[in-house]
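These notes open a run of structures that come right after.
Next, two complexes with chain A in common: one pairs it with chain B, the other with chain C.
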Partner chain A sequence: MTHTSDRLARATQESTHERTPWRVRLALHDIDGITLLVVPAVLFVLGLFVYPFLYGLVLSFKPRAGDFLANYRKFFSDPFLYDTIYATLRLALPATIINVLVSIPVALRVRKLHRRRLLTTILVIPITLGTVLIAEGLLNYLGPQGWLNRTLMLLGVISAPLRLVHNYTGVMISLILSGFPFTFLLTLSYITGIDASLEQAAATLGATARARFRHIVLPLLVQGLAVNFCLSFVQTFSVFPSAVLLGAPAGDTRVISIAAYQAAYEQYDASMAATIAMIMGFVQLTVVVLALAGRNLFYRGAAGGGKG
Partner chain B sequence: MGQDKTISERLWAVAIWAAVIFFIINFMAMIATVVINSFGTRWLGTWLPAGYTTRWYRSAWDEFQLGDVLITTFQVVGAVVLLSGLFGVPAAYALARRNFPGKQLVMLLFLLPLMIPPITFGIPLATVLYRLGVGGTFWGVIIANLVPTVPFVILVMIPFIEQIDPRIESAARVFGAGTGQLFVYVLVPLLAPGILAALLLVLVRTIAMFELTFFTAGPDSQTLVVALYYAVYAAGVRAGQSIDAMAVIYMITTLIWLLIALRFVDPTQMVARAKQEAAR
Partner chain C sequence: MSIAGRDFRELRLEDLNRSFGMLNALKGVSLSVKRGEFIALLGPSGCGKSTALNCLAGLLTLSGGSIWLDQTRIDRLKPEERGFGMVFQNYALFPHMTVRRNIGFGLTMQRRPKEEIARKVEEALAIVRLGQQGDKLPGQLSGGQQQRVAIARAIVIEPPLVLMDEPLSNLDAKLRLEMRSEIRRIHDLIGSATIYVTHDQEEALSLADRIVVMRDGTVRQVGTPAELYGRPAHADVAEFMGYRNVLPARVLDGGGSGCIQVSVGGAALKGMAIEQRPADQAIVAVRPDDLRPASDGPVAAIVESAQYHGREFYCSGRASDGTELYFCSPQPVRKGERVLLAADPTRVLIYAGTS
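For the complex of A and B:
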């Protein structure tokens, strides 16, 4: 505050001269030596994030052969390529919805714990280890001779081992195992942001747990859940290592990122790879926009208990 | 609130805890399979291996050139941590202290690389890096990894910087400190806990960052997680125990840093801090 008033004072003094120096005029808009510190990082992100994206977009319209739309036409006319969108959505949408829905009751329960640090620490481990390690672990654990199948057979639930790897199920399990902790920690941070006194007030007025959830927590949570859904969806949509290692990369888990990878590193067609990357980004964006539009149908308001 | 009264509420609570425990047990068992297999001599069709040995570690170390891979990993991670601090902290300082026109746009610019998954922007980025001639090299891997970590450091550091009283900086200015001296003698010491937390999170994320390294690494610039991917991908060429020994080495490398990081940050911060900014 004092900075600005100082500067204002200085500026008015100097404006009595014929022209205000440009430094002062810039400083009035909060542009000075300190502001320039942001420039290297901005240039970095412009050069290595925005530029490659635009480069990829332009490149996708410069196919090896044919007119500028040839790559897009090829993608949407070849079932081997366009089916990958369906294969990805078939994994990403259920996995995200399961993770988000299950995370709500668990987070509501965990919120009441006083020492939840141990649980959150355990759940950070799968996120940290990443999908490659989870894929390798699950190959052993879910395999026909793995502990899960052995336990189920010992308990008499099944008579022959279930096929859980190198198919859709394996990738789905890995998406839940690596995705749930991420979704859960986000939901937990949103739920702890809701003022508990709002619920206490409702409980005092005789609302049951179900009614409190339905009429207080859920409306306040919808905003956060929509963002959570988007971030989790974007993560699961870009599944690559587990789809290759745990799935059937030539069959029903041939996801769009595999198609992009093959175009870039097996066919060396940078233009086609850029096209697939752009389509991948576009599908993600569409789902995110739909989810964010959906949340506007719900209540919008403060999650705090204070005034205003 | 708090106490469960009716039977259905209690059953619901039990069901939720059962689900959580089921999740954790399965995860732990999966990790245990990897560790046990890496020490097993032969493990076919039984609950536990026939015998135990440590020789797979020796063979994994030789077969996968883990010495070289580990050195590359630490060089890449060290450079990424250092450079994202050098780019990120000053930028965060400018964003925390100044309200210049277009600041919202700059914030959006820093949010995008965190919200768009690496696999989507990784392929165009790798194409550009290969055309520039740094693709497939050590520096290409570092540059690609910096793309999400610089914005991450900025978004984590802004709230830390906002907590510092600006009068301390004004006092330093009054005594004639330039911006460089201000950073070295005032800001960095005061921000040390925040910088440490941000950089440790960058470190853990970079060790585990698969996609960007995978797209830009050449044969001698692979990090541990990419080497592990190739080993699992070509499973059958090497003994499974050898791959698991490598997986255990990867887990130890990651988890040591995770444990150190968790001394300074709350686990929810690892996913929530930057994302909450996104929600606003």
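For the complex of A and C:
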């Protein structure tokens, strides 16, 4: 920011002597020929994201009955509907936070391994499997007749099977398992982006491993963790299959996407479904904005300590 | 904080080895450093200087050998337990901390009182001439300014041993001279030992009490600047110390030591035998500024180029048998001119070898 304004100030000074060519003035704003390459991406985003969003927004203000705010009023006056926000956040927030927090020590450790490639490959597999397959597996493993309960009962640790699926716990476990690889890989890439010589320098200055983490790694990681949190949260927030398959879709884990699904495909009320989708988006946006705003309290910039 | 106490009498490196896979970056490096000594580690790029420094600081583990601080073995200690100050070749400044907090980091880790930290940081800022830049982030400084912050950060904790990896490589000529004497002054002030990596022989000569010349992971010679300047122990050390003329020669007379006569570039030249030679083959090393035109000089050469270097001309020429020679001339010489060159026999050094 400061750089741009500096350069602008200089440019305006110069332009009093002679007119700066427009090409140079654009370059001062970091705009040049290569910038045009983003045009296809912009069109893509407009077509696939902005248009459906605006369509849905308009649709949500055209309820089957009542004035244009009727759907929103209905949502916020019916606990059966507005409680879904709470049910979703109750799953998505802890799952995301746990994943982000656990990924830090694991990534710190993995960073020093030689066989990092192999490990990251193994971790990518769950991402490609998708939520449904993981849910299937968990149903088998953790169900009342699953091997976990049978083993525990065989060992005499428990007398009756633990209820680990078709409730909050089941969805939580599935969200953590399916979300972790993604969160971890992101954290790992942020951590390896921190120049190792910074920690070495801190060590020669007497900082213990703990102090190095607190004073060097963590401050340089906060930016990445905030972005990581947002991306992971958005993924978790909209997860629909695990809430249906592993949870209690009529009770504890009736998440907001289930409400939207029911509105659209059980009541055939597209306008109401659009309304719920809009509210869903708004809640996500609020959390993301809060996370990114919190990040601005910290240092933003490169995590290298080297020349240049 | 650091187990390595402030007052030591001697730091000993015994047979240090370090390999990176197949490559041996250090091969049996031994050295003894006294308290208060300023050691320059000199050698061509890739010879293992930074590796040696990192092993000393505890940032690299040894593949073999040991490091002793008096009677304490320290090579198994973590870097934070050794408490040696280090200036990194790539600075390694903390990008999220202001210059002041960077410099004060070591003192903060030692839990010193706030006022003391503030005072010492101001002093260090003044020493490295960065009084105005204290509140900037490292990213807002020039390369040379960053380098000086790195120096200040390492010395402000007054460590028993300061390790510097080419700390002046990014400074302009004037600032480099200034910082050079500052570094020596700080060294004398805190009374610690300093190991200073450089590949600038002039810097090593002017700063150090002793110079260690390395090559391919081994120590080639350890000596005072005068010894290294006047009597390099091997031909490759001589070449690195500014003996630009390193020429194959044939021994004419005097197989033993002392003053002998050799044939070089188709002429006979007297010189000092430094190394024992097995056969009549030898290598002659002469500095360009010791080889000068003289009316009765033994070596004839045709001038090929002459560069003006202020007081003198720095010239290259070809001897009658085609050998390339570098010499200095106080008078201007022209390309193609024939000159006779002479050298003081005590400045002509003769080594073993065939190329």
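Here is the rule we go by: the second predicted complex is superposed on the first by the 254 of 308 C-alpha atoms of A that agree within 3 Å, B and C clash if a C-alpha of one lies under 4 Å from a C-alpha of the other, contacts with A are read in each partner's own complex, and residues count from 1 in each chain.
Simple rule for what comes next: a residue touches a chain if its C-beta (ideal position, glycine included) is under 8 Å from a C-beta of that chain, and two chains touch if they have at least 3 such contacts.
The shown structure was predicted, so the numbers you read here are calculated from the model rather than taken from an experiment.
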Is the arrangement of chain B and chain C around the shared chain A a clash or a fit after superposition? fit
Under the stated touch criterion, which partner chain does A:D195 make contact with: chain B (first), chain C (second), both, or neither? second
Could you look at A:P105 and tell me whether it touches chain B, chain C, both or neither (first, second, both, neither)? first
Give one of first, second, both or neither to describe whether A:H215 is in contact with chain B, with chain C, with both, or with none. second
Is A:A203 touching anything from chain B or chain C once the two structures are fitted on A? First, second, both or neither. both
Who does A:L89 touch here: chain B (first), chain C (second), both, or neither? neither
Tell me which partner touches more residues of chain A in the superposed arrangement, chain B or chain C. B
Once you lay one complex on the other using chain A, what is the shortest C-alpha distance from chain B to chain C, in Å? 6
Indicate the residue numbers of chain A shared between its chain B interface and its chain C interface, in ascending order. 200, 203
Can you name the residues of chain A that touch chain B in the complex? 2-3, 29-38, 40-42, 44-46, 48-53, 55-56, 59, 102, 105-106, 109, 112, 117, 119-141, 145-148, 150, 177, 180, 182, 185-186, 188-189, 196, 199-200, 203, 209, 212, 223-224, 227, 231, 234-235, 237-238, 240-241, 244-245, 257, 260-261, 264, 270, 273-274, 276-277, 280-281, 284
Help me check something: in the complex, which residues belonging to chain A touch chain C? 195, 197-198, 200-208, 211, 215-216, 219-220, 298-299, 301-308
Touch list for chain B against partner chain A, complex: 1-2, 9, 12-13, 16-17, 19-20, 23-24, 26-27, 29-31, 33-34, 37, 44-45, 47, 87-88, 90-91, 93-95, 97-101, 106, 109-110, 112-113, 115-121, 123-128, 143-144, 146-147, 150-151, 154, 166, 170, 179, 204, 208, 210-211, 215, 225, 228-229, 232-233, 235, 240, 243-244, 247, 250-251, 254-255, 258, 262, 266-268, 270-272, 275-276, 278-279
Going by the contact rule set out above, which residues of chain C touch chain A in the complex? 1-2, 57-59, 78-80, 82-86, 88, 90-96, 105-106, 109-110, 137-139, 143, 146, 153-154, 157, 170
